[in-house]
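You will see chain A twice below: alongside chain B first, and alongside chain C after that.
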Partner chain A sequence: MIIVNRLVRLLAVLLVVTFLSYVLLNLLPGDPVTQILGLSATEEARTQLRQDLGLDQPLLVRYLGWLGGLVTGDFGESYITRAPVASALAERLPVTLELLVAAQVIALGLAIPVGVAAARRAGRALDQALTAVSFALLSTPVFVLGVLLILVFAVTWQVVPATGWTPLSLDLGWNLTSVILPAITLGCGQLAVYARLLRTDLIATLQEDYITLARARGLSPRRILWRHALRPSAITLITAVGLNLGALIGGTVIIETLFGLPGVGRLIVDSIFSRDYLTVQGGVVLISVGYVAVNFAVDLVYAAVDPRIRRA
Partner chain B sequence: MRRRPGPDSQATGVLGRTRPGSRSAAGVLGRMGPGFWAAAGWIALVLLAAVLADVLPLARYDETLAGPPRSGPSAAHPFGTDGLGRDVLSRVVHGARVSLGVGVGAVLLGLGIGAPLGILAGYRRRAADTVIMAVNDVAQAFPALVFALAVVAFAGANLRNVLIVLGVLGVPSWVRLVRGATLTYAEREFVLAARVLGARDRRILWREIVPNVAVPAASYAFIGMAVVVVAEGGLAFLGLSVQAPTPTWGGLINEGRTLLETAPHVVLAPSLVMFLTVLSFNLVGDRLRALTDVRESGLEPVREAGAAPLPSAPHEVRAGCLLQAEDLRTHLVTPRGVVRAVDGVSFTLERGRTLAVVGESGSGKSMLIRSILGLLPGSSVRGGHVYLSGDDLTARTPAEMRSVLGPRLGTVFQDPMTALNPVRTIGTQVTEPLRVHLRMGRRQARAEAARLLASVGIPDPERMLRRYPHQLSGGMRQRVTIAMALSCGPDVLFADEPTTALDVTVQDQVLRLLHRLREERDMAMVLVSHDLSLVARWADEVIVMYAGKVVERGPAAEVFARPRMPYTEALLRAAPRLSDPVHHRLSVIPGRPPDLADLPPGCAFQPRCPYAEDRCAREAPPLTGSYACWYPLDEVVVEGADSRGR
Partner chain C sequence: MKRWRTPAALVLVAAVVVACSGQRPVATPQGGGSPEATGPVKGGRLVYGLSADANGFNPITDQFAGQSYSMAGTIIETLTSVDADGDWKPYLAESITPNEAHDEWTIKVREGITFSDGIALTGDIVKANLEAQKASPLNAAVLAPVESFELVDPMTVKVDLKQPWVVFPYYLDAQVGMIVPPSSLSDPKAASQKPVGTGPFLFKEYVPDNRMVVTRNPHYWRQGLPYLDEIEFRILPDSQTRAQTLDSGGLDAMGTTRDEDLAKYGGQKDAYTVHRSQGMAVAEYMFMLNTAVPPLDDLRVRRALAYATDRETVISTLRGGLTEPADGPWSKDAKWYAEGGDYPAYDLAKATALVKEVEAEKGPIRFEIISTPDPNTMQGIELAQDMWRKAGIDVSIKQADQADLINRAVTGNFAATVWTAFSSPDPDGEYIWLHQAYARPVGSVSLNFTRLKDKRLSDALDVGRTAPDEAARAKAYATVQERLRDLVPYVFVDHLNTGSVVARTKVHGIGEHVLPDGEKGLPVTGSPIPYHPFYQLWVDPQ
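Then we have the complex of A and B:
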């Protein structure tokens, strides 16, 4: 029942988001017709194109028509390239997803040991050093970090290419070298967030009676930390991972630009520059659906992590 | 006689206290530390440079060939020159105008729109709250960055548009923050009191809520500034902020990328300045937040105590005795001074007997148990010795101690609600010590766990093993923790207030169970309690603790029938009995337990003692024989109700 409620609520959110973005994008100044035909086009040609694209219809009608297509998986056709938006997105999505997953693997793979180490020695030198490093990482804009990494690994040491993309289907090794630097760039900021969250929650969990009692049963600190304390401390971390995964589908624009990756973010920016409304709109849908889906999945993961939630 | 506070005194008392916003600003700023001041200094420096950019002795930011192109840092050009020979320092300083201008402007815009909405939603809840939450849902799913890009791209990339877009996008965060802060205070007693007193809403908002929301808002203003500076940098990096020739930090970094191989300083200079600026905003915001965040303070995990650093008096180790404590001391180092939580406690305990430790809360009972087990907070020092069958436990390392905890010493805590790990099944938790200490296999451990659960009176133990703690009642949970404590067959069972958190009807069952188990397994038990009627029934011996010291000890029957120390007598008087008449007035011990960080000279109980004389305030009575008192009670009878109501 709660799941149904939640789904209805999420669908409502999706509707509002698509409507708002559709209206806002269309209200903004700029005209795809001018973009396609140039400033020197005749008025007849413009009217003709306007009719061809369906731009002469009222905004609400266009939105509803577009929404109807969306239900069947039809994202419309790009005004500029006349290609289906859905296929353009489908082509770009794997790049962004691979980048996101790789970044999360790096961030979580480091954040969990770092957070645990810091919480175990709360207030001591190691903890303070780790806290300082994560604070510094949090304060580094991605493009600054990315440029630095390119400078060190691609320009000075030349171990990986600075930019470019090799699809996974083409060559695994090259694919990995092209994803590693952007993934580290993206993962570092999240690593810092995750490690801080985990540290705070772990410190609180380690104060619990059941941890003291576990010690009173002669269990080793390592066992207590990993088997007793980690899971009850993971809820906030899971929430953050979910929010990030959802929010980042469109948030990789800068990294994709910096590293020359043909991902969704880059597609959206290029479409914005070329006034390709329907492609931008399709990107918006993709991002919101991704956000909503991931958050729904996170709710299910909660229940797996914390049995108290299963009752709901 | 306690004076009944009138409505006025109550209101001013409540309004006057507990108002976090009214702490002295100077004192708070003094405690911020050097990092805060360095960060604030850097922000001031960048701000000043941005404001004075035109009058500073710098080359013009757009003057080409101000120096040789792509030359590194020098005296004339501290940050070097770019590909067109323009002075990078000058460009960075002028870029600060855009970054900080947008930062300050967007934050003010977000605050201006978000704060009133947030206060409204937090203070006038109901409908407003629902709307805000719905908007919040949408705002979170809304791809803000894409929207920002689109607006700036379509409406024109200039300072005003960037500022408006980033400001508006910040509004939901502001609403959330201010609403949260308002909610916290709208429920606090001083606001409720003001409401009850009929203060007008506007007055409450300005006098009570706004000052308290100001600190979190100021903190978030700095963090928001960092967010906006990064966001503007991102837009500029994509070419969607203020356009050339005006330099921006993000734009400088983007331009410099092409020169990475020949002139990396062109990228590094704006990167470093931007990093330091964002770091400083975050740092200042974080320190301000720490002012109001209580979660960060006082968090310290319990650690296993190491060797004993406090010196101890010479003593004799009694061979036949199961558990012997000699001059056990635990001092906690706190900001207020050294707290002597356990101060020279000695006792012996034979197999098959129950020792009760009684006293008010804060008398050091629980800390005594933790000292024996070596489970002390990190800031504590332990002294004295604990012998288990003649073997000195205090000489053991934490790792050596672990082979004793569980197999020889079992522990049950007060609150069964918090004693079990909420995310692990009962089976996992009960079998764990069996597998770790007794090296049982999975199947064997499960069978043994089921047997243990049955022995503590849990019905259908097989099924219980698959359950989670939240599915059990308090009494059942306490039985589970008892089963866990007994799983490795300990010689001594420590039960720290094992029934205090339970229903009265369940208390007796649990105590009976503990007693029966102690007899069946021929263990010794240390029973900590503040409930004397309970202790009198189940204990063989008793020690009475006050302010970390033993003030009376002896066989339970004797101590309760004939207390010598006035504190014991007072405790007995304060315990309700079933034999009391219906409207019998319960007597309480006057005064409060002493402050352990600041004990009075002489006897610690003397300020509350009805029999105290001059000597009690000067000299502390030693524990001679069975009590520590200069003027022990002789034949004072505390049995009948007639002698009690004085």
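Then we have the complex of A and C:
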């Protein structure tokens, strides 16, 4: 039932998002025909191409036509490259997915111990130092952090390449070298957010009665922290992981451009600039489905983490 | 408890870092200059950084920019090329000869050339390519003077023109003259993704927005060429990280337009070489004015803007003093540069006087200038805005992305904008942008974006296109420059010769382009980032 409910919501989200993005794209000044033909094309050539692409049709007709294709799995063809949009997205999706997953792994992998350590020593020197580092990471724009990391690790120490991408299927080692800097750059901002959220919730949890009871029963502080306090304190963190997906996708655009990665974010932004409407629409569908799916998964994780939700 | 965990974790992290860093494709910059080798060495691999991806590699259906020529040019060759003096020379063609009136050109195709798919290059393939180009909406305007193509014999094509066109072969040096095999003509989509040609390299791999890899063509028709085994073009749009990738050894060469790159790499002559575009290949940076809309339809306002523009200040502020001020479409080291005309040099008093004169008749002078939102362009516009304000002209800035800006230029929906143009090897390449026949009213598509209609300017362009005598052409283009200086459809700022190719010293041959018949070719060309051939490049052995 939950799955059916989610699917209905997904369809509604897709309809609203794709329609809005289609309308907004078409409201943008600029003409895809000029982007395709360049400056020296004649008026006749432009008119002909506009007809060939169906751009002379009313907006709603074009949108419904595109939607009809989508139902049959046809995302259309790029105006610029004339390649199928689905293929372009399929080629780039693994890059963005790997970047997102790696960034989340780095962010969560570090945020949990950092958050726990800060909460355990709340108000003391370690907590204050970690708080300062968190704020520093939060206030550093990703492009600045990216350039700095390249400067240190690629230019000065030369332990990883500055830019470029090797697919996972080609070589695991080279793939890791090409993803590590972008993932750290993207993950650092999230790390700070997650660590702060976890710290705050943990401090509150550690003041709960059942924690006092556990202490009274002689359980070790480490056991209390990791076994009894962490799970109920992670709800906000899990919510943030799901909600942050949108922000992370936004961040991948910058990261992919900075590190020369052929990902979905860069494809969508380039397509917006070249008024390649169908490619943008395909990207919007992909992101919408991904966003809804991740937040559905987050709902399932809630129940697994906190039995109170499962029973509710 | 479990005290071994922390050191173990550190060891694990270190192991991962070491594992990740093993066999990475990096090398430290070479010091002490390149060992001057005995000559070109065969073999090796070159990694070359480009600023953007291509829209596709089919010269008939895809719009080509500099990066397209860099990548596709390794595979697909042109009928002609341009030599170091700026004259056209045959390339895939053995000869191209006009009749006396220059309204008919005969292209004789070079014998013994085959495409990499094994098909021999013949006259009918050249004819089919040229016909496809003429039918293509991309090039219909450029090839408008062409009436028809005719196969005279298996290796000869005759081009009939509607009018004399003395520099027709120049156009065969670019996209229009790129020759692809029949398989590419019949399957344009495949040709867009996997180019095939007669060139020195063969297509190996293309990952959009990431890289293109080409390998040596073992059957290349130019004996002994190319030298390199493989080239990887890496697409790195961010100029900062592109430079950092070069620093880290991830690239062997790259294109750039950044002044700081010129200063930085130019100062490390033992580690890097810098090749800048020059002459006719240099584009001009300018403010383009729409002469069909008020207040810029008034010549006095346009001249006031030019008088108020302190080009030296712009150059010292924005370009680190690296460029030369412009007073016309061609730089002083260009073959066709001529003095003459009355281009308004910086003189704030004259600007102010003209503004007051106009204001007395028509009221305050106000207009909007359109800029792309990137910081460098905005800096230039804000500087100009401040200079023009001092003369009493009130200019507001409107930001628009590139697609919007170009659309406004084409349809005339602008008063002024920032523009870069005029880098064709021959002045006739600017014909459609300047001739009054291509100026249409605001709201219609106009290739003459300033919409300036001047008979003397257009007549001179016609003479330049049709007169076989070079002296007559030089005189005509002197008139073109004179009229542009007098009528100020553009406020010229500088010759943008900061476009360059930076290479590590282990890379040899950039700028050493030799044409099939032995003439020295144009070293680098195109703007804003120049491009060049790759067949003659070689790298020091490892």
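In this text, the second predicted complex is superposed on the first by the 295 of 312 C-alpha atoms of A that agree within 3 Å, B and C clash if a C-alpha of one lies under 4 Å from a C-alpha of the other, contacts with A are read in each partner's own complex, and residues count from 1 in each chain.
In this text, a contact is a pair of C-beta atoms (placed from the backbone, for glycine too) under 8 Å apart; a residue touches a chain by one contact, two chains touch by 3 or more.
Being a predicted model, the structure only gives us computed values, none of them experimental.
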Task: Once the two structures are overlaid on chain A, check if chain B and chain C clash or fit side by side.
output: clash
Message: Let me test your reading of the model: by the given contact rule, A:257 touches which partner, first (chain B), second (chain C), both or neither?
response: both
- request: Look at A:55 in the shared chain and tell me whether it touches chain B only, chain C only, both, or neither; answer first, second, both or neither.
  value: neither
Message: In the superposed model, which partner reaches more residues of chain A, chain B or chain C?
response: B
- prompt: Once the shared chain is lined up, is A:266 touching chain B (first), chain C (second), both, or neither of them?
  reply: second
Task: Examine A:135 and indicate which partner it touches, taking first as chain B and second as chain C; both and neither are also allowed.
output: first
Task: For A:291, select first, second, both or neither according to whether it touches chain B, chain C, the two together, or no partner.
output: first
Message: Once chain A of both complexes is superposed, is A:85 in touch with chain B (first), chain C (second), both, or neither?
response: neither
Task: Using the touch definition from the top, say if A:150 reaches chain B (first), chain C (second), both or neither.
output: both
Query: Between chain B (first) and chain C (second), which, if any, makes contact with A:107: first, second, both or neither?
result: neither
- prompt: Where does A:29 make contact in the superposed view: on chain B (first), on chain C (second), on both, or on neither?
  reply: both
Statement: Re chain B stretches 237-245, 525-533, 543-551 or 597-605: the one overlapping chain C is 237-245
Task: Jot down the residues of chain A that show up as touching in both complexes, chain B in one and chain C in the other.
output: 28-30, 147, 150-151, 155, 162, 257-258, 273, 275
Query: Along chain B, where are the residues that touch chain A in the complex?
result: 137-138, 140-143, 145-147, 149-151, 153-156, 226, 230, 233-234, 237-238, 250, 253-254, 256-257, 260-261, 264, 267-268, 271, 274-275, 278-279, 281-283, 286, 295, 299-302, 304, 373, 375, 398-399, 401-407, 409, 411, 413, 415, 418-424, 432-433, 436-437, 468, 470, 481, 484-485
Message: Can you tell me which positions in chain C touch chain A when the two form their complex?
response: 1, 16-17, 19-26, 28, 53, 55-56, 61-63, 137-142, 189, 192-193, 207-211, 234-238, 240-242, 244-245, 247-250, 400-404, 406-410, 432, 440, 444-445, 447
Message: Under the definition above, what is the set of chain A residues touching chain C in their complex?
response: 28-31, 34-46, 48-49, 80-83, 88, 91-92, 146-147, 150-151, 154-155, 158-165, 173-174, 176-177, 180, 222, 257-262, 266-267, 270, 273-275
- prompt: In the complex of these two chains, what residues of chain A are touching chain B?
  reply: 9, 13-14, 16-17, 20-21, 24-25, 28-30, 119-120, 122-123, 135-136, 138-144, 147-148, 150-151, 155, 162, 200, 203-204, 206-221, 223, 227-228, 231-232, 243, 246, 250-251, 253-254, 257-258, 268-269, 272-273, 275, 280, 283-284, 287-288, 291-292, 305-308, 311
